[in-house]
Amino acid sequence: MRPSGRTPDQMRSIEMIPGFSAHAEGSCLVKFGQTHVLVTASVEERVPPWLRGGGKGWVTAEYGMLPRATHTRGSREAAKGKQSGRTQEIQRLIGRSLRAVTDLTLLGERQITLDCDVIQADGGTRTAAISGAWVALRLAIDTIHKATPLAGDPLATQVAAISCGVYNGTPVLDLDYAEDSAAGTDANFVLTNKAGIVEVQGTAEGEPFDEETLLRLLRLARIGCNQVFAAQLQAVGR
Amino acid sequence: MRPSGRTPDQMRSIEMIPGFSAHAEGSCLVKFGQTHVLVTASVEERVPPWLRGGGKGWVTAEYGMLPRATHTRGSREAAKGKQSGRTQEIQRLIGRSLRAVTDLTLLGERQITLDCDVIQADGGTRTAAISGAWVALRLAIDTIHKATPLAGDPLATQVAAISCGVYNGTPVLDLDYAEDSAAGTDANFVLTNKAGIVEVQGTAEGEPFDEETLLRLLRLARIGCNQVFAAQLQAVGR
Amino acid sequence: MRPSGRTPDQMRSIEMIPGFSAHAEGSCLVKFGQTHVLVTASVEERVPPWLRGGGKGWVTAEYGMLPRATHTRGSREAAKGKQSGRTQEIQRLIGRSLRAVTDLTLLGERQITLDCDVIQADGGTRTAAISGAWVALRLAIDTIHKATPLAGDPLATQVAAISCGVYNGTPVLDLDYAEDSAAGTDANFVLTNKAGIVEVQGTAEGEPFDEETLLRLLRLARIGCNQVFAAQLQAVGR
Amino acid sequence: MRPSGRTPDQMRSIEMIPGFSAHAEGSCLVKFGQTHVLVTASVEERVPPWLRGGGKGWVTAEYGMLPRATHTRGSREAAKGKQSGRTQEIQRLIGRSLRAVTDLTLLGERQITLDCDVIQADGGTRTAAISGAWVALRLAIDTIHKATPLAGDPLATQVAAISCGVYNGTPVLDLDYAEDSAAGTDANFVLTNKAGIVEVQGTAEGEPFDEETLLRLLRLARIGCNQVFAAQLQAVGR
Amino acid sequence: MRPSGRTPDQMRSIEMIPGFSAHAEGSCLVKFGQTHVLVTASVEERVPPWLRGGGKGWVTAEYGMLPRATHTRGSREAAKGKQSGRTQEIQRLIGRSLRAVTDLTLLGERQITLDCDVIQADGGTRTAAISGAWVALRLAIDTIHKATPLAGDPLATQVAAISCGVYNGTPVLDLDYAEDSAAGTDANFVLTNKAGIVEVQGTAEGEPFDEETLLRLLRLARIGCNQVFAAQLQAVGR
Amino acid sequence: MRPSGRTPDQMRSIEMIPGFSAHAEGSCLVKFGQTHVLVTASVEERVPPWLRGGGKGWVTAEYGMLPRATHTRGSREAAKGKQSGRTQEIQRLIGRSLRAVTDLTLLGERQITLDCDVIQADGGTRTAAISGAWVALRLAIDTIHKATPLAGDPLATQVAAISCGVYNGTPVLDLDYAEDSAAGTDANFVLTNKAGIVEVQGTAEGEPFDEETLLRLLRLARIGCNQVFAAQLQAVGR
């Protein structure tokens, strides 16, 4: 039995509030149960040095967590003077995932920064961030397009992410913190709405796992991402 | 005329949502108009080294701003590797202000950290933070008291803060961003509900000001803080 | 009774040695009793990026304290790898205070950096620094004017600063370290020789204070600053 | 055709030189073709604070690359003052992978640090590092056991890693730099000699990939790791 | 001809003002012509971790330069966030030099920190610092001895330093900035009053030099150090 | 007797493996007994800002040590976030030494960076680094010359370095770690093959030394460097 009483393939309730931030070109407060992440998309009309003059744009991400988003207070990274390895790993993953579905040439020579800040954490913050980032990015691109029509849609594909794992010997979908901290195997999947895999990260926390388990978790992830895709569309009004 | 159409002694609407965070011992999302600050109070049963064994507690604060809380995106302090002078100045002010109304001996040998994170900024973030921090601190002390009754209330006095300034030659209450960036004189007041002044910080941005102006701004601040005191009481259910 | 035997409105002896440094365009060793601060003014014929091409100049300040300027040795900020919040707060205050009396357009597109280094500390280092910085700045502007006549005097107004506080229940002028560490209320005032207030920073270290006290401290500050203004004129030979 | 002329399921030549370092308790210079990584295992008779007194040991890893290990010189992380996100991600992966096959209770309250330094890089440095780290760890545990017999072998299982990818549309084994920089999909697999999966990290660099591709790459990885397992046994003389 | 008109073996005027600092256990403002260095000696009744419990003391040094000690302003190391290689090299040299003449066992388990801060620079700051540090250390040890008599004098030998160099083809004593920046060879000598060499650092800035030159510079250094020894004795009143 | 059984003027066996690195324009693995240093020379067709447009080139060095190059593991400088004073001192010395024999005008407006990484340490790493750096630099200049003929040879002179010291009262050549850690006096000499001295650094670890000892050590250094010069020529095939 899962601590939350959910069935193995049952996700937590998803909520996506578009336009949560007054200033950002695109934004979304995404909630996977008690995990709440605010994503803002900021557009700048310039790209990093290595891209200048090439006509292509860039999408990048930064990730942070409020010190008391978690059960016990963590120290503030700005005060410690550096971002942890975990933070850097996550923000690199978010950036790669969104770039995988963005046509940077159609975007044109501008950069969009996706700031993903965890307001409250209950497991799955990186996958919630990716899922909400798509909404913020979609809205930001719509904002750009309204002001300066683009030649085509740079974001024709949806991307979403979910974590699955083996809890008490059973593969389950959308781990919350209680499950995540006890799971034997933990895997994050980043999938597209066109049946593609963008990223798979599976880790054996205890015993190594087998191919069969990997495939089972992937199938659960598809179930979950399909629900996220629907929530994304609803949030952006399509 | 003020950009917002407010009268000189009119505050923005105040909203204080207690218990906003699921994990913190006390928390408050405070809104002064479009300025939104989340304050969490985290209790630890240990104090900084210089206080150990003395039987007294400690209250401290940290301050941060989400990169896109502002009109244009600011860089993330955790990524830059250090907190700005402005951030440090503000968090020192918040800590001093709350300690001024806390009886650290009654609190006992424990530390409460007030994390003030600006979700959205429209001027007056430090004064909103102080005002909301009182609510979070009040709730955290109530949480402590419920678990381990204290000998007396360490927080018998309320503290609140507000910024005033001279806009277009007229002293006005509760500056928003449009006013703040154009104000000739800008003053932050931290006041108690017992008519005391905890902190005054007045700065001439352009022309130096005179004693009369300082007094006029102080009087406006009293008007504003009285409204904040009422909102605080309502938020903590007293 | 004050530890030094001074009357409540009596300042420590002031000494200002202009041209203390052989290399700087302007310099002053300022002594408020046992507090000794060396201020140098360095002129550069270029301004920070955000001012370039606008024809206006800039005045900025940096503050430091020798490790053994104080009763017990403090650690060296260069060795720790960062400036404390206190240091940053002070150097921002010094910069603001001097800019408040400088006509940056008359100064022209050049920057003057005021380095304020505490050689010996006995309370009031920031206010001594501001007071001495005016002398160093005055001399640096004279140096510029001799080489390249300016259209007008960018520094037509004097600025000085002094700390006041409530010691043993009595408002007193120019706190030394013994008083400062015991004072109930501590206020720094930055005033001009034309009766203007540039900055007020009043803090209740213990009990909150009232409006009457604030005004009383302000009046003491005027008495003190008038003496500093006279010493400044003497130091620059006017 | 692969740039190196290898068949799709052909690895580069593997060389593992045990005891390369004179000082370390265990060491191995591992070569996957032109990728050369020196791994040393250092034993300390103390564990990190959070493990003290629990009777369990710890295995951790650090990763570095000589500035000119690569085609063009990279800047030195020690000179830049911080480790990149990539470095931190890799060293976390190496540590997790080796811990997955180590019985920390049998190891006893001591820490083994695996330093993986890339002397020369031609793709696949992280997987070579993991593969060589097993040899260094094996030798270090043997050294401990000789001095102080352990109750059982803490390292009864082998772990190895290999990267696979889709190059020019074809799944291939053991990517070199020329392939890695052009690959459409890139996946690192960490496998045990008992058919278990410790870690899967698959990333679509261009087009998303499908389940079939993931499985194909996993099968190639098994072929490669089996060769690495044999080389490991030979290196440690078993 | 030397820019200053001095003869090749003529030092600049030396001035050593003992007790310059009100707070330090020992201090000295040392002037070699226009090079002015303030040295303070701070005594702590504890030693670094690796010496604890061994009954021996420690002497260490830190070095700094005020930003405008030089002809053009240098950036402040505290603001840059790190000490330069030059600073670290110099403070290591000062520490080694003073430890070479200190009996750490007689000193007992306490640490003396020598802070050497350059108030004004005109060449030879490190050698002036070492020479003045002996005076500050002597006075600090006298202070300790007065409070807690030591079994013997830990500082029975004097140490001094001077820079020599080849200027316009002629070996000269005590380089000032004009000579130092043009010298072909530059050598710093740290000598004792008992004819011993503590440190030699000779560097060819242009052409390599020969053994004869090295010896000639050493002889000049003896001439100079003898004058410094006399000044030291006078400063400490012996 | 020396721990290694060598005679006082006997060097350890020298080995210099040119072209050790596949990617660098010049490289050398230099071994002085059990001290192994890998030096790579990287050519960039641009110089530091202060040299741009002047037609002159630059040679600089960086130094590092693998964490377990030594008997006990040292912490990784990249992880600590800064280079130690020792590291900076050594890399400045290497850079100066190689520039002393390089005609920067003949080199042309390009920079060569010499990365000296200690793979294994047994005393004398800085002198081995300098000696091997000449080989790497020679090979890199040959590489440049082959691609773009230079007007003349920028490296007409050889430079080498060796450490000498007083061990058990006897001056000895080429200290290994066992001697270095026990030596009373330690001196590093950087010499040219044309009888010139580039750098002398002599330090009394215990008792100060005298002129006679300095000269004796210098003579030993000449003996040692002559052997290094021969090994260098052999390594570069001249």
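As written, the chains take the letters A, B, C, D, E and F, and residue 1 is the first residue of each chain.
By our rule, a contact is a pair of C-beta atoms (placed from the backbone, for glycine too) under 8 Å apart; a residue touches a chain by one contact, two chains touch by 3 or more.
Heads up on the chains, UniProt names are A, B, C, D, E, F = Ribonuclease PH.
Just so it is clear, the model here is predicted, and its values are computed rather than measured.
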Maximum centroid distance from subunit A, chain identifier (CA atoms): E
Most distant chain from subunit F by Cα centroid: B
Intercentroid distance (Cα basis), subunit C paired with subunit A, Å: 51
Separation of mean Cα positions, subunit B and subunit A [Å, integer]: 33
Distance between the centres, which are taken as Cα means, of subunit D and subunit A, whole angstrom: 28
Residues of subunit D touching at least two other chains: 81-82
Chain-level touch network, classified as line, ring, star, complete or other: ring
Order of the ring members, counted from subunit D so that subunit F is second: D, F, E, C, B, A
Parts of subunit E lying in touch with subunit C, wherever the complex brings them together: 21-24, 27, 34, 38, 40, 42, 44, 62, 64, 66-73, 76-79, 81-83, 87, 113, 115, 117, 119-120, 122
Subunit C residues touching subunit B - in the complex, by the definition given at the top: 82-86, 88-89, 91-92, 96, 100, 187, 191-192, 194-204, 207-211, 214-215, 218
